[in-house]
Amino acid sequence: MKTVKKLKFTFNIALLLILIVIFAAISILNPVFLSPEYLLNVVLRNVVELGLISLPMTLIIITGGIDLSVGNIMVLSAMVGAMAAGRMGSVAGVIVTFLVGLACGLFNGIIIAKVKVPAMVTTLASMFLFLGLTRGMTGGDSVYAFPAAEAVGSKLFLGIPVQIFIYMICAVLFYILLAKSTFGRRLFGIGLNSNATKYCGVDIEKMLIRIYALSGLMCALAALIMIGRFSSLRYDAGTNINLKVITIVVLGGTSILGGTGDLKGTILATLIIGVLNSGLTVLNIPIDTQTIVHGTILIISLIAYEIVNRRTSSKRLKEVKTELLKKTG
Amino acid sequence: MGETVLELKNIVKTFPGVLALNDVSFDLEKGEVHAICGENGAGKSTLMKVLSGVYQPDSGEIHVNGQNRKFANPMESYKSGVSIIFQETSLFEEMTVLENMFLGHETSKKTLGFLPVLNYREMREKAREIFKRLNTKIDLDTKIKTLGMAQKQMVEIAKSLTFDANILIFDEPTASLTQREVDALFSIILSLKKEGMGIVYISHRLEEIFEICDRVTVLRDGQYISTKNVGGTNKDELVADMVGRTMHNYYPKTETELGDVIFRVENFYDEGFLENINFEVRKGEILGFAGLAGAGRTELMEAVCGLAPKAQGEVILDGKKLSISDYTDAMKEGLVYVSEDRGKYGLIVDMSIEENISMPQLKDFSKFGIIDRKKESAVAAEYMKEITIKAPSPDFTVNNLSGGNQQKVSIAKALAIQPKILVLDEPTRGVDVNAKAEIHKIISELTGKGLTILMISSELPELLGMCDRIYVMKEGRIVGCFSRQDATQDKILKTALEGEGEE
Amino acid sequence: MTTEFYLLLFLILVLLFLAVFAKGFYDLSNLMNLLNRFNYVLIAAVGMNMIIITSNIDVSAGALVSVLCIIAASLGKQGLPIGVFLPVTMAAGAVLSMINGLFITKLHIPAIVATLATTQLFQGVLPLAVNGSIYDLPATFTWLAYDAKLFGIFPASTVLMLVVIVTGLLFMKYSKFSKKLYAIGNNKNGARLAGVNVDRTIVIAYTIAGALYGITAVIIGTASQRVTTTMANGKEMTFIAAVVLGGTSTAGGSGKLIGTVIGAFILSLVSPAINYLGISPDWSDAIMGGIIILSVVASAVNIKKKRRISAAPGGR
Amino acid sequence: KDTDTSAPAPAQTTKDEQSAAPADQKDTQGKKIKIAVLPKMKGENYWDACQVGAEDAAKELKDAGYDVELLYDGPPQDQATNQKQVDLLEGWIAQGVDAVAVGCVDASAISPTLKKAQEKGIKIVTFDSDSEPDARDLFINQASYEGVAKALVENAAAELKEKGYGPENPVNIAIMGQTKTDTNVEAWNSNIQELIKTDEYNWMKLQNPDSDIYYPGADEVETQTQAGTLISRMGEGADKIQCAFGITSMTAPALGSQYEASTNKPPVDKIVLTGVATPNALKSYILNEQNPLKFGVLWNTMDLAIWRCRRRTSWRQEISPQIPRR
């Protein structure tokens, strides 16, 4: 793992550089971008939902899994929550939102862990299921925000949008969880070799169910923020989110094959996507071109990662052999 | 002997940072079985992969049947008469036996004069013929995943015979076979030899070399060392060539004073796998488990350690009945299992030594769920010293260690759990002579410190050399028990095959 | 019994159910409408099936089909007949999809990520290349959907589909190439050792799939006189779902084409079927999701059972 | 402000209003004016026509001596969500544009951002589909909600009667909307449903709102396939549908084209198709005698956009253009 860690270190620096370059370029081209109000209220605020979901998604991808249904969990939980809020008040709305998110996550987790259906297949199917449920239940109409959602989605605290604080707290917690805790270590174990991890006495099924459920909960949180921010939400609001979140995680240097990755990368990638999204808009670059920029940056980073990866591992292998030779004589 | 069918001259092969083969030469005659031996990483497999076109040599020449050849891929070498059965199986689990045998060189006929269409009938006939020659029956349309190890091996051999090869290479074919299957394999090798085939045979089991080989070539660290007639050498001499020094004691068993019965398994049972298992072991004892592949030894030990959820029965440790529902429970009680398959179940090879060692009991290495990396490192360093793991530092990635050292890491990992009973499943599989002896020494020392060891092995000499008592298993039952004094290779084999013996 | 068998059984039950409860479902016009939908899903799913068998995946399929729709339309707009724009679109599909294959094999980027990236390129480049969508397409363009009817009944796209299925079934059984696909999906290294040129095979699989996407694009595009730039975006999930429902494992190496055919048919059936039952088509996604989940769960449980039996000693 | 003008103004209004622009010339001349136009989606002909119109208008204004910069962007068709619209709006607000014209995907979702823009002194015009009334300065309603619904139902009824239907021979109808969040389309939809409850039209029946009102979403292929299913349900008889309304610029042409594509077409003299779309999109179906799509409510969105740009200097009145009829 040491090689991997060294590699991550350099890759994160590369990400940071990309972020700085993009940031600087946009600020020079249109100084409006630099206004603190725009940075806080638009640039950051707009990526909070994506950022929140990409945290648990990083964990899931590290275990070698994937969740294609996150966006749809979001909208389903927000919708049922909003319906409940309409009948039973705001508090009930929040509780129901989280319960639905949790239930969706558990549903995915149990099928993946217990029935052993591949994550990609399970969440592809549940993507259709959750999307369809939302669509069928609303008949295509919007659901509307309720006070508790507005509190996290459209209010300020100390002049800064509330959701930014929420994101920062979650990011720190997830960082500690993944990088420092026993839970995180086990996640890496599962991603690198789930059999061997099981033979270390780790209950893999429970771990997997937990992270998918956690993902469901984070989706519910993001959903509250989102519906609060927009004051209403339609059934198809989540569909684009699924692949976007995966893009962020992968851009952050987490291997889709599982076993390597860290949250610093994911957080940096979230910021890059945020700056790009809002930055290109201020530059009046049409949405289509923005899509190309996203795709290109993803490809460049993948290629860069591959090159860094190959270079480091072959260099490392050489070092290893010489070290071994010295040691064993 | 006959004509030379294969000649490798001055082969050099480097990988990034590794000189895998340094000026190695080798030749094979018609109708001979030529062994290659050497420690792990000596370059045996690499040499054969160069020969069969998997790798291209940096320099050197390959002469097959008198012609100078360069193979871009294995298919080319197959077609010129060299067939290889790789160390790691290269079968396709979801495909049928027939599809596997002919993959990449299917016979086809032209339909409409131009469209090549697979000719299943011809392939089927050819396959049947081959299996008749091998004296085996396998349904050609079953998927590989439903076959057992031995049958898979048989398919591999059958596959290699689908080419009109006169040179056949076996790279450690017996690593996952047991005695009976090995015997069957040997009779096939002998009959192929009679047909005039030249056979290259790679194995870590020196006994096998003396049983069927004519000549033996030794490699060490990618260097050619020697070629000898098997009749004119002996085991010690071979080993000396392999490790570069003379070795005397392969089984350094130290006699220890046995304590009272510490661990008992009673009426153990797992539908379809295990039947009425009873055994006991005394403190400090090394208890062996012999049996053919699939006899259920691994299954038994996994079940006892809570790794098979459906098994039932009583496990009594220190007079206390344990209730074990999963492996975590077993570990807590001091019952620890070291898997036979290092890469798959034993270690997370992409993690460092310290991370592997702490993995089973992360709780002990953490405060409030946060891992104490200093403690991890310190504990790992201790074990590295204790059982001499050759690695620069505890944060060294396991992947970069040699097989023997990897095995030692998995033992260290088990020891860190502070076991009372240590279960070692095939602790020296695929490990070279030198490392093997070291591991045996570690095992001996551990019992000296009062640890009790259950050891599964398919190598009878190892069991005979190391164990105080040996149980024999067959089809999920214990069919015999021998004390160190009574046990002989013949008796154990007979019991394992026929199921009789003193119970 | 195989997954395909159970699926077929399920399909027959559903069809019987519809015969009783969905009045008018078996009207010729509805059946043909159903076929129309089935045609394009299936043809793309055949390509997707090949890709998934090699244990890769293509999430760019939807965006790519959108690109191909526009290519077809921009040719069709000039009055070129289908005899020209179909092959050209297929060729374009082959080339663009080959780029995916090259990304994956040459740069060693996992398929899902590589195609995720190219999705964004395809989606972005399109609106730049054509400003807005293409309208007022001539009768030569819509000929396939409007006028080309075999025996005055069967849409010609159905003929295209039948050709693809029959060729596909024969190809998967009788070609050397198909064995390579399965071999790669099972054991990439093993395939390499058996002399299979893994990279080239994967690239070819993507290329063939791309050509099939071309046919799908033409069927989708010619359905009306306008072709928009986002025509098929998001459809990749339907294609993948058809393959998965048909019993092909996303881990690769297994799965039969006939399963994909049945899977695609079941998925195409859902929306019209529930509409004829008096339910809003809004529920169709939920029902599709439910069917896929039930199917994969059932076969996973089945496999588990089987494994247990064959692992019993003595039973070898 | 009151948004609904029930009587459609005559088409000539457009021409008359041209003279209004120079009146305000003094306060705006010399100053750079940034006008942003945000359609519901890009890549769909109705909206693409708006873009052409907007560009023409911008050019015209430039020719008239104004320093106008036009920003035109919107979500791609498959991502016609309020999130995208809000993202774009935020960018424009930050740049300090002078006016924004929006066709709202979802009225309630976009209104908070529109209000924020208003607070910054940006003039907000909505067109096609309105926001919440207090979030904009002006709503340009191409056609009054009742007007469109009335035109559709009136014409359909006339046509149906020609084909032998009437109070003694009732018909079943179906409606194809797009999504439930389109303010205008939903208003037409509910007006149609109101109208067919009146004595005059109560022989036109919506049997089952669940299965007979379609919401295919913004997806082109889904729209086509659902239209196909609908066409296959049409024909003679009480269990069939005789009249289909496609009340968006995507669904009306889809009905036309799916009819052409259908095998075993329901007889042209037994069913009626109609809808709302641009003239170009329906032209060929209307011209085809074999297609039951005989009329549609048509208008020219290009003029709509021209007009909007021109109007921005004088906000005084609400305008409704004529609904041209065939």
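Per-chain numbering from 1; labels A, B, C and D assigned in written order.
Definition applied: a contact is a pair of C-beta atoms (placed from the backbone, for glycine too) under 8 Å apart; a residue touches a chain by one contact, two chains touch by 3 or more.
This is a predicted model, so every value here is computed, not measured.
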{"item": "Reference chain A; chain at largest CA-centroid distance", "value": "B"}
{"item": "Selected interface, A-B versus A-C, where C-beta contact pairs are more numerous", "value": "A-C"}
{"item": "Centroid distance [mean C-alpha coordinates] between chain C and chain A, Å", "value": "29"}
{"item": "Gap in Å, rounded to a whole number, between the CA centres of chain C and chain B", "value": "44"}
{"item": "Rounded Å distance between chain A and chain D, as computed from the means of their C-alpha atoms", "value": "38"}
{"item": "Residues of chain D engaged with two or more neighbouring chains", "value": "42, 76, 79, 215"}
{"item": "Per-residue multi-chain contacts in chain A, two or more chains", "value": "139-140, 286, 288"}
{"item": "Parts of chain D lying in touch with chain A, wherever the complex brings them together", "value": "42, 71, 73-76, 79, 81-84, 86-88, 90-91, 94-96, 106, 108-109, 111-112, 179-181, 215, 217"}
{"item": "Chain A to chain D touching residues, read off their complex", "value": "30, 32-33, 35, 38, 41-42, 46, 138-142, 144, 154, 230-234, 236-237, 240, 277-278, 281-282, 284, 286-288"}
{"item": "Residues of chain B that touch chain A when the two form their complex", "value": "16-18, 307, 326-328, 330-331, 337, 339, 344-352, 355, 358-363, 365-366, 369-371, 390-392, 395-397, 400, 413"}
{"item": "Touching residues on chain A, where the partner in the complex is chain C", "value": "66, 111, 115-118, 120-122, 124-133, 135-136, 139-140, 239, 243, 246-247, 250, 255-257, 286, 288-296, 298-299, 302-303, 306"}
{"item": "Chain C to chain A touching residues, read off their complex", "value": "57, 59, 103, 107-110, 112-114, 116-121, 123-128, 234, 237, 240-241, 244, 249-251, 280, 282-290, 292-293, 296-297, 300-301, 304"}
